[in-house]
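Please read the structure below before turning to the comments.
In order of appearance the chains are A, B, C and D, and numbering begins at 1 in each one.
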Amino acid sequence: MNTIGSAVRVTLFGASHDSRIGCVIDGIPAGTPVDTAKIEADLALRKPVPGIGTPRVEADAPEISGVVNGCTTGAPLMITFANTNTKSSDYEALRKMPRPGHADYPAVCKYGASHDIRGGGMFSGRMTTPLVAAGAVMRGILEPLEITVGSYVSRIGRVEDTAEYAPAALSASRTNSLRAMSEELEGLMREEILAAKADGDSVGGVVRCMGTGLPAGLGEPFFDTLDGEIAKAVFAIPGVKGVMFGAGFAAAASRGSENNDFYRMGGDGAVQTLTNHAGGVLGGMASGQTLDFSVAFKPTPSIARPQQTVNLEERTDAELSVHGRHDPCIANRGAIVVEAMTALVIADLLIRGGYYG
Amino acid sequence: MNTIGSAVRVTLFGASHDSRIGCVIDGIPAGTPVDTAKIEADLALRKPVPGIGTPRVEADAPEISGVVNGCTTGAPLMITFANTNTKSSDYEALRKMPRPGHADYPAVCKYGASHDIRGGGMFSGRMTTPLVAAGAVMRGILEPLEITVGSYVSRIGRVEDTAEYAPAALSASRTNSLRAMSEELEGLMREEILAAKADGDSVGGVVRCMGTGLPAGLGEPFFDTLDGEIAKAVFAIPGVKGVMFGAGFAAAASRGSENNDFYRMGGDGAVQTLTNHAGGVLGGMASGQTLDFSVAFKPTPSIARPQQTVNLEERTDAELSVHGRHDPCIANRGAIVVEAMTALVIADLLIRGGYYG
Amino acid sequence: MNTIGSAVRVTLFGASHDSRIGCVIDGIPAGTPVDTAKIEADLALRKPVPGIGTPRVEADAPEISGVVNGCTTGAPLMITFANTNTKSSDYEALRKMPRPGHADYPAVCKYGASHDIRGGGMFSGRMTTPLVAAGAVMRGILEPLEITVGSYVSRIGRVEDTAEYAPAALSASRTNSLRAMSEELEGLMREEILAAKADGDSVGGVVRCMGTGLPAGLGEPFFDTLDGEIAKAVFAIPGVKGVMFGAGFAAAASRGSENNDFYRMGGDGAVQTLTNHAGGVLGGMASGQTLDFSVAFKPTPSIARPQQTVNLEERTDAELSVHGRHDPCIANRGAIVVEAMTALVIADLLIRGGYYG
Amino acid sequence: MNTIGSAVRVTLFGASHDSRIGCVIDGIPAGTPVDTAKIEADLALRKPVPGIGTPRVEADAPEISGVVNGCTTGAPLMITFANTNTKSSDYEALRKMPRPGHADYPAVCKYGASHDIRGGGMFSGRMTTPLVAAGAVMRGILEPLEITVGSYVSRIGRVEDTAEYAPAALSASRTNSLRAMSEELEGLMREEILAAKADGDSVGGVVRCMGTGLPAGLGEPFFDTLDGEIAKAVFAIPGVKGVMFGAGFAAAASRGSENNDFYRMGGDGAVQTLTNHAGGVLGGMASGQTLDFSVAFKPTPSIARPQQTVNLEERTDAELSVHGRHDPCIANRGAIVVEAMTALVIADLLIRGGYYG
């Protein structure tokens, strides 16, 4: 349902055009610092790109309860955001004419007339705002253990960033709203998005996420694995269509002698691998190497161009042009959400495994 | 941990060389038929390929309790298999010399000297035997709702099957142990595996899985989504490195106008789509179209060729040749496990959503 | 942790002197009516008794999100209350001098200096406000199934109400703030409380709760039983020390021929019992007869009289007089909380068992 | 359902006359010793009293998997018992003529014709055999933390043991099959049971359970409290009708100045209380004093005397004499089950709270 996690649980509430959205975070050990500035820094990376993204801009000022003297008390945290910039009149017609690529049709099948269709209701990308805040809170658990999580956009449409980066370098992507790793790439990606926008269209993208410092063995086999929990968490992000770790689908075309990561004893006595085709996961547990996975985002389904749909009342074919305020690309805004979900999973597994608290 | 599912829960027990492996299945509504012949038919598809796969062949005869007069009683089912064909002496040396690509190293980090390393312990592919049995039991829930789950091997190493098949056609893959869709492909894939084997090597592969009849709306947003639960379940299968639905990573390179699946009203009054780039999932719920996803299996990490590793006791580099009995490819045996995990997830979501029982 | 329920889950947040308290209710089927007037009617029964109870009176006006057109949408509900009438300066000294009978000492052991001791923090009876609201929401699930839950105070200190009442008669207790079944009993109980108050003391009490219309078989053996889930839920209410169903502890002194409830076929073709020593529960499931259980509340631990305690800093004995604003009896205010927890458990088991939604 | 626990989970399977019963225990940290002799010693206390109890005597020899070199490996444990001494023909007639005081009627309402009625199916006291084994395994977690759990029978019918005992003294009850604290009480209780048996009747009883060494703060408020989890676990034992901690229902008749446990600083610097009316629980957490609670068992519902029932097929009144093999009292056999359930809850809360592993 609307709760994720086992030892640390995040329960989401609200909807795109509801008065409030937010989450309750339960299970954070007492005394964990909560730094509002860091939460706001992560929230800033989720905002629409000026001049490209949706003109719906919310203040996204978190109201937090459950923190005393800057730390958790053992009671749950509640983080909430007011929704102020809503235009619900845009949406009512969509109840009978579902938007292609959106949750409208299955949501109406599931919830019937009760479905809150305004702004996509609980299926809106708006719901990722409290998730980013929760992820930022989790960094307070990761930091004392020297665990980092970063990401960047490795593809927007036809523009692909094929370079390899050290995990520490990923912070470069936090300096631009496209989460690109260089000014040049930022420019190319911006052009790709603007070209789609000019056509009344949208583009997809790929986010690559890396984590360092995860203790070897982190994860709970057989089912609550590091990769499985990350995959589940990431598929909850609207628009995600694929997740792969390390070599991913390329591993399927390779041989074991190529794909296996050979061990070497590092100079500092740490066990290392020569390659990281495993993406930092073996047997569902952290391997001790860099966590490394990629996430495919589909193009935003809301496009201005006319699309074929159906009229569910009249049971006829129909045509639809989606108005409202939308992003022509969500992968760049999704990058910080991927980080947040990853931080949530790691924090949960750390506590479950007895590594923290 | 070792339980998956919410309304229907499967709890796994045992280890590769333990006296027994098995699972407890809780939450199946009373009166659900349990057909031993169907369980055995699915188990047969998990067996090693004669002449190619591991010579460790277990009888895999399920002992089932909790069934009276061929039906469940409301009490849990317990399915267990005896392990008889074990050679534990093969493994003890690996505790200090972890096999590349295996769970050995993180498992020893996590569980220390207590880790049962014989045959990979609880990380062995052997653990998928009770999962296949559980999946076959779930078909008893799916069948009265006319829901089907099938799969085939769409790639082994360099051999790729790029054809598109109707879901009903996938049963063709059940006639051969490589789960190929034609005799010709079976031959090519067999050659690819034998070539690797001749080199003391292994190959990876891709399994494509399809499901039909899932009611539009199946899945529990925001987190317990159809795609997220499938992804988590599938990543529990040893060797899986990637999961993507429909167009998957290709969607990231496309535009919304290409990727959106336009709706059409079918002749029978059913809502249809012209394409299925979504792979049957929208907003985390079944879209009403065919469930369609692909799973990447890495090459078997156990290979005869010498590999570089480390000696954890002496903290030095070392070399290792993996003996024991292994498959040069696991994707084909993994196909029925993917189906089983998918059936588990669908059955669980059906009961959670009030569609069954 | 701070979540109760399985199919319907209530997650509590906040603390006695936090800015907000509230809860998130997840899993309520879409289209369930939410009646604010009924929520407020139940909240009114939780208020302190004028002239007897604590002078801390909060407005207890619920702010609800997740309701559109008076019904749930399938998304979670969030109900929150502002805390306005707090005097936190009363409490800081208690961190080192724990109040006898309160959670102070174990809470400081558990959470250390991070424990929010203001007003008892998350251990305050104040936390039952959102639970009463959640229980009132659950009545929206129970009502269409003609399931009722009522209660009354059967004992305050030495005043015991030994009469037997039909479940339908219990609504009489809603007319007075002591939840007594007659004006006479209300008077006697009021005197008992006032006498204790005059002595700077407090008194305990017993709440008896009844439910009708529960379908025979409701409950999930072996562990998630009707009686076990109610017991767990009720022990979460501050001050509860015992729970017994039907004859309860008296059954232990009886013989089977006395205690067994003999079956009779009712005139309307319904299976009835001549007695209800089982309290409406057999084998962990509803028996089809009236649910009937009693809950013991201890006397309010906060009393004005000086008490012996310890000084945790100086590791010495100490004396303490508890100031602040407290009720000399909580059983009467607890009655509606017992009802709420019972409604929560029944609603959860109804949905789990497929009886609703 | 059939799983209890959060960090340590016990999943029960089987039924009274099924081929096997048993449980899977998941979440025990690797390296926890498993001592078969201790398991068998606890199982011996669950056996029927020679000359009084049911002549159905099972060998109760546990088969355990998941243990290597006497310790857990991190994988789940599976403990199973063969059912050999079953006489299923005794039971079939009860499907239409439910036994008063048994689960027959609600079970048939819930599961219909699929209910396994042989020997009570999954509602049989037989199911407590694997629970006692699981409890004995949990002592392996409690012992290194110097936590003990013991119990005795404080009442059988009219014979009540009103003495107060130190927790360490309770082991005296392990020397006799009535779990009485003295030979004299054993004799009186035996007579009480034999007198009922001679009348074709049965008697109830009370078990008092104590635990020492629980760290102050153990328990997870707001809902997963120490007392709430114990209550839920104990109500799963067939025949339990009431649970109270410390003064329990007597607290409801007392004043705060009497009922509060005053703190004193012990000679060894430990915080002590002058009394223990709280039964070792405050705010849902261990108070640091002795855990002390009582459990009411009803008289065995199976009695030889004729009883009134109904014929569910013919919808008429009927008369029934219960044959089969039954105990005239179950409280004494239930004592070790209460201990087992308590050990399970404590072990679970220890791991959840980070006190172990």
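Assume contacts are C-beta pairs under 8 Å (C-beta built on N, C-alpha and C of every residue); 3 or more make two chains touch, one makes a residue touch a chain.
Note that the coordinates shown come from a computational prediction; the quantities given were computed from them, not determined experimentally.
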Fill in: Chain at maximum distance from subunit C, centres defined as averaged CA atoms
B
Practice prompt. Give, as an integer number of Å, the spacing between the C-alpha centres of subunit D and subunit B.
Written response: 40
Worksheet entry | Separation of subunit C from subunit D, taking each centre as the mean of its C-alpha atoms, in whole Å | 26
Worksheet item: Centre to centre, by mean C-alpha position, how many angstrom separate subunit B and subunit C?
Response: 46
Worksheet item: Using the touch rule from the top of the page, what residues of subunit B touch 2 or more other chains?
Response: 1-3, 12, 107, 110-111, 122
Worksheet item: Think of each chain as a node with edges to the chains it touches; is that a line, ring, star, complete or other?
Response: complete
Discussion item. Quick check: in the complex, which residue numbers of subunit A touch subunit C?
Written reply: 1-3, 9, 11-15, 18-20, 22, 24, 26-27, 30-31, 65-66, 68, 71-78, 107, 110-116, 121-122
Worksheet, complete the sentence: Per the touch rule, the subunit B residues reaching subunit C in their complex are 7, 352, 354, 357
Practice prompt. Name, in rising order, each residue of subunit C that touches subunit D in their complex.
Written response: 1-4, 12, 98, 100-103, 105-107, 109-111, 122-123, 127, 155, 157-158, 196, 199, 201-206, 215-225, 227-229, 231-236, 238, 240-249, 251-265, 269, 271, 273-274, 277-279, 282-288, 294, 296-303, 305, 307-310, 312, 315-317, 331, 353
